[in-house]
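Consider the two complexes below, in which subunit A is the common component and subunit B and subunit C are the respective partners.
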Partner chain A sequence: MRLINRTPNRATGLLLTAAPFVLVLVIYLVFSNQRLAENPDDKLLPAFATMFATIKRMASEPDLRTGDYLLWLDTQASLTRLAAALAISTTLAFAVGIGIGLIPYLGRIFGQFVAVLSMIPPLTILPIIFITVGLGETAKITLIVIGTAPALIRDMALRVEELPAEQIIKAQTLGASTWQIILRIIVPQMLPRLIDSLRLALGSAWLFLISTEAIASQEGLGYRIFLVRRYFAMDVILPYVAWITVLAFLSDRLLRWVQIAAFPWFDQARKR
Partner chain B sequence: MVKSRTKWIGAAIGALMIAQPFAASPASAAPKTHFKLAWTIYAGWMPWPWAAEHGIVKKWADKYGITIDVVQINDYAESINQYTAGAFDALTITNMDTLAVPAVGGVDSMAIIMGDYSDGNDAVILKDKTKLADIKGQTVNLVQFSVSHYLLARALASMGMNERDVKVVNTSDADIAAAYKTAGVTSVVTWNPIVQQIMGEKSAHNVFDSSKIPGEIMDLAIVNTATLKENPKLAKALVGIWYETIATMSAKTPAGAAARADMGKESGTDQAGFEGQLKTTHIYYKPKVAAAFTNSSDTKRIMKLVRDFLFAHQLLGQDAKSADVVGIAFPDGTVLGNKANVKFRFSTAFMEEAAQGKL
Partner chain C sequence: MTAIAAKNVWKEYGDRVVLERVSLDIAPHSFVALVGPSGCGKTTFLRMLLSQETPSRGKLLIDGEPLPREPTPDRGVVFQRYSVFPHLTVLDNVLLGFDFAHSRFLGRLIGRARKTAAEDAHRLLEEVGLTHALRQFPAELSGGMQQRLALAQALMRKPRVLLLDEPFGALDPGIRADIHVLMQRLWHETRMTVVMVTHDLSEAFRLATRVIAFERPNVTAEAHRFGASITYDIPVHRQQVTGDATLA
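Moving on, here comes the complex of A and B:
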């Protein structure tokens, strides 16, 4: 039988899925134990018990100096920034993207401009953002918006252009105005696609969030990682990385769930 | 299934190869002859790259039958992490960071060279305000848990205030100069050459600097104690390189001026800029004086202040019940803190050998 036609059964499948995770854990344990045997205070590869104790302390005991529950404080701060920035980005993308994709005049004005904007590496304009909007929350949200919005806008415009021309023509023969076409034809079909692009944009949104928190901050997941890096606290860094991964994974799943629940037709059409 | 099994074995081997650098190196029977020193850009550490480029490192290494790589790391915190993880045998570092990172991380280190102390290189700068007392209630941008943070704590203490009187915002050293220019930033604590750069602004006022706490921010050369015990030659060579190089650097001769110009260029400024930074760096040019300071009661008093600061900020480890958790050994044999867990040792042995011309 050809390789492409061979599928694992359920049990083998689960085993194969688990294998790389287990392998990474085993490799970590081997080297961690080896280093800890030589130096019980080793910071590079702390034991799982140490990491668990550290993260438990950060999640369930108030910080001695500030009285905050650090893990939740950081998570809340980061997620607030991320949500605010992505709300702005998606709104922008939806409005501008549809405009560029559907209306030739808007396409002419903004199409190339957004294409060029999206090529600017956002981190290179960080000093400009700092000088214009300061170091506070606005700067952090601005960076994430600049980092995610142009790509989202371009994607939205492309998706609009992909719609079969027949749909638009048909609507016009039925007497629809431009506004009605946007409202009744474009928007309903674009919303589920917007969720698709948002899912893809999550990765870069996290990247920009962490970068901006590393530079000037008082709390946040990225802030904590870069702060404790100064004294090499891998027992904080590794669980934080895992936590960020979990949060990112969950937000991706959540968006997928919203897409299926709110636009069942879209999901079914894709499966066909 | 056979196919997928071989695939996993292949993946496992690949992963092991990637993970190999993280493994602690097993003790080898053959004596080690190759060593690595990591340095970062700072006025008091610029002699190291200059010595490497001008054959002084090779000369002393050859004399003791070893080789020494002098490696620049772009990021100071990263150089400390690399040393602590075991990638380097020797490092240029401050007294505070030695205690907070390698010592707390169980890596026993010995300070073999008391290079200098910051005598104004670190400063608290206020915008449009001229007195330290004005800092009350302000937001202060600095690299948290660095010597800047320590300087701020000492400055506040000198006014009978503490950190509750200000709001500290962690800001990367790379961005502090740019941050100062933004409207929201009213006070910063940082080090040279950033201090020089910010003081160029009309609005900037230096209200407290490290010359007010002489000796407290020490710049050292440390060596992993276990490596040193097996290879005292390494320390001898490093100390030899150091005093020969700074003698050249400080000489009021054309050769000395050329060395200062080179070091200035290497640290991103020029001869005048470098000489300006040397004025705020109290370098111990004579090994005898350096050893005397290391041996003084001042060093003990300072290390107590530093470790109490670290303990107050939970930087001596989260399980630390008291500031005594790590022991610091002084040249006279006394230990500050836990005698059973000495991880930071001040040694004058090699500086004294240099003073006596025995190297």
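Moving on, here comes the complex of A and C:
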């Protein structure tokens, strides 16, 4: 039988899915044990027990100097920045994207402008942001917004243009004004699509968040891993990377769940 | 009871002529079928009647007045696909016309007004046989049910003209026969003028009171310089009144 027609059964499938994860863990364990056997003080590949102890301390014991629970302080700081920035980005994307996609005059004014803006590498603007708005929270949120909004806006505009022309014509034959078309036809159909774009934008949002925290911050997940880098504290860095990955993965799943629960028609229509 | 007239209508895209010298008078309450091979411009003509496109030359008149420059509720439409809104339930799809007419800012009726409108919508859905599916989304409906919904939706605003763009083209033969009966009954009851594009000749002759064929002239040199025009105009006589009780 052709390879493309062979499918694993349920048990084999689960095994295959788990395989690469297990493999990575095993490889890590082997090398970690080897290095620790040679030098018990090795910092490069700490044992799982060490990492667990470290992260447990950071989560459950106040920091000696500041009295903060560092893991939660960092998580809260980072997620707050991320949420604020993405709220601004998606609102912008929604308003501007629908305008560009639906209304020819707005498309002519902003279409190319946003296309050019989205080509500016956001990190090159970072110095400008620091100079103009300082090093505070505003700067971090601004960077994430600048990094994610143009792509989201363009995506939204494209998806509005993708709607069948028949729908817009039909709405007009039912007597809809431009405002009514936006409110009843475009917005409700764009909300689930916005969730799709947002899921894709999460990756770059985290990238910009970590970058800006690495450069100027007093707390945050990105700040912490760049801070402890000076002490080769891999027992902090590795669990933090894993934690960030878990957070990113969960937010992706959460968005998908909201999409299915809030817009049941969207999945049905997509499957046809 | 609405008459439509085309006076020497041309449609060109750049130097490519799609339609030329189309002149036509459509009597009130007629059911006109536009037929012809693919690419003969019958759909383009329908789009011009819808104000989705404008003629390059000539005039289109509705009851003696020039057509508005954008689609209006006096001309309803059913397309072959994408006629109903995937994010609205069957009931909401039909209520949409009412929502637009009576709620300028919200685009949605609430409370008692909505309840009254829902009763109207319910009556119309009963007529097209969809009352069992009020809360379903279009993706859950079969192709035939979707087109019946599209008809009900278009009729909610009581258009004077109904434009149909291959509305039944994607349906199975049995379902198509049922919906033909429905279509004739609705046409008879509402006194609308109907213009339907179809590539199915038997459908055209079964439903229409007049069949009009578009065709390009048979030239090979610079074919794009010659647009299609009306080549046949066939009145269809019926022994019994269409939409009569015996049909339903």
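Just a few scattered comments:
What we mean here is this: the second predicted complex is superposed on the first by the 272 of 272 C-alpha atoms of A that agree within 3 Å, B and C clash if a C-alpha of one lies under 4 Å from a C-alpha of the other, contacts with A are read in each partner's own complex, and residues count from 1 in each chain.
One rule holds for everything that comes next: contacts are C-beta pairs under 8 Å (C-beta built on N, C-alpha and C of every residue); 3 or more make two chains touch, one makes a residue touch a chain.
Only a predicted model underlies this, so the values are computations on that prediction, with no experimental measurement involved.
Contact with neither subunit B nor subunit C is seen for A:Leu255 once the two complexes are overlaid on the shared chain.
Contact with subunit B, but none with subunit C, is seen for A:Glu38 once the two complexes are overlaid on the shared chain. When the two complexes are overlaid on their common chain A, residue A:Pro20 makes contact with subunit B while staying clear of subunit C. In the superposed model, A:Ala59 lies in contact with neither subunit B nor subunit C. By the document's definition of touching, of the two partners only subunit C reaches A:Phe263; subunit B does not. In the superposition on chain A, contact of A:Tyr223 is made with subunit B only, not with subunit C.
Once the two structures are overlaid, the count of subunit A residues touched is higher for B than for its counterpart among subunit B and subunit C.
In the superposed model, A:Leu106 makes contact with neither subunit B nor subunit C.
Subunit A residues in contact with subunit B (one complex) as well as with subunit C (other complex) do not exist.
By the touch criterion given at the top, residues 3-4, 8, 11-12, 15-16, 19, 22-24, 77, 80-81, 84-85, 100-101, 104-107, 141, 143-146, 167-172, 175, 178-179, 181-185, 313-315, 317-318 of subunit B touch subunit A in their complex. Every residue of subunit A that touches subunit B in the complex is listed here, in rising order: 3, 16, 19-20, 23-24, 27, 31, 34-35, 38-45, 54, 57, 64-65, 126-127, 130-131, 134-136, 214-218, 223, 226-227, 229-232.
Considering their complex, residues 50, 52, 70-73, 75-77, 79, 81-83, 85-88, 96-97, 99-101, 104-108, 137-140, 153-154, 156-157, 159 of subunit C touch subunit A.
Note for the complex: subunit A touches subunit C at residues 164-167, 169-177, 179-180, 183-185, 188-189, 263-266, 268-269, 271-272.
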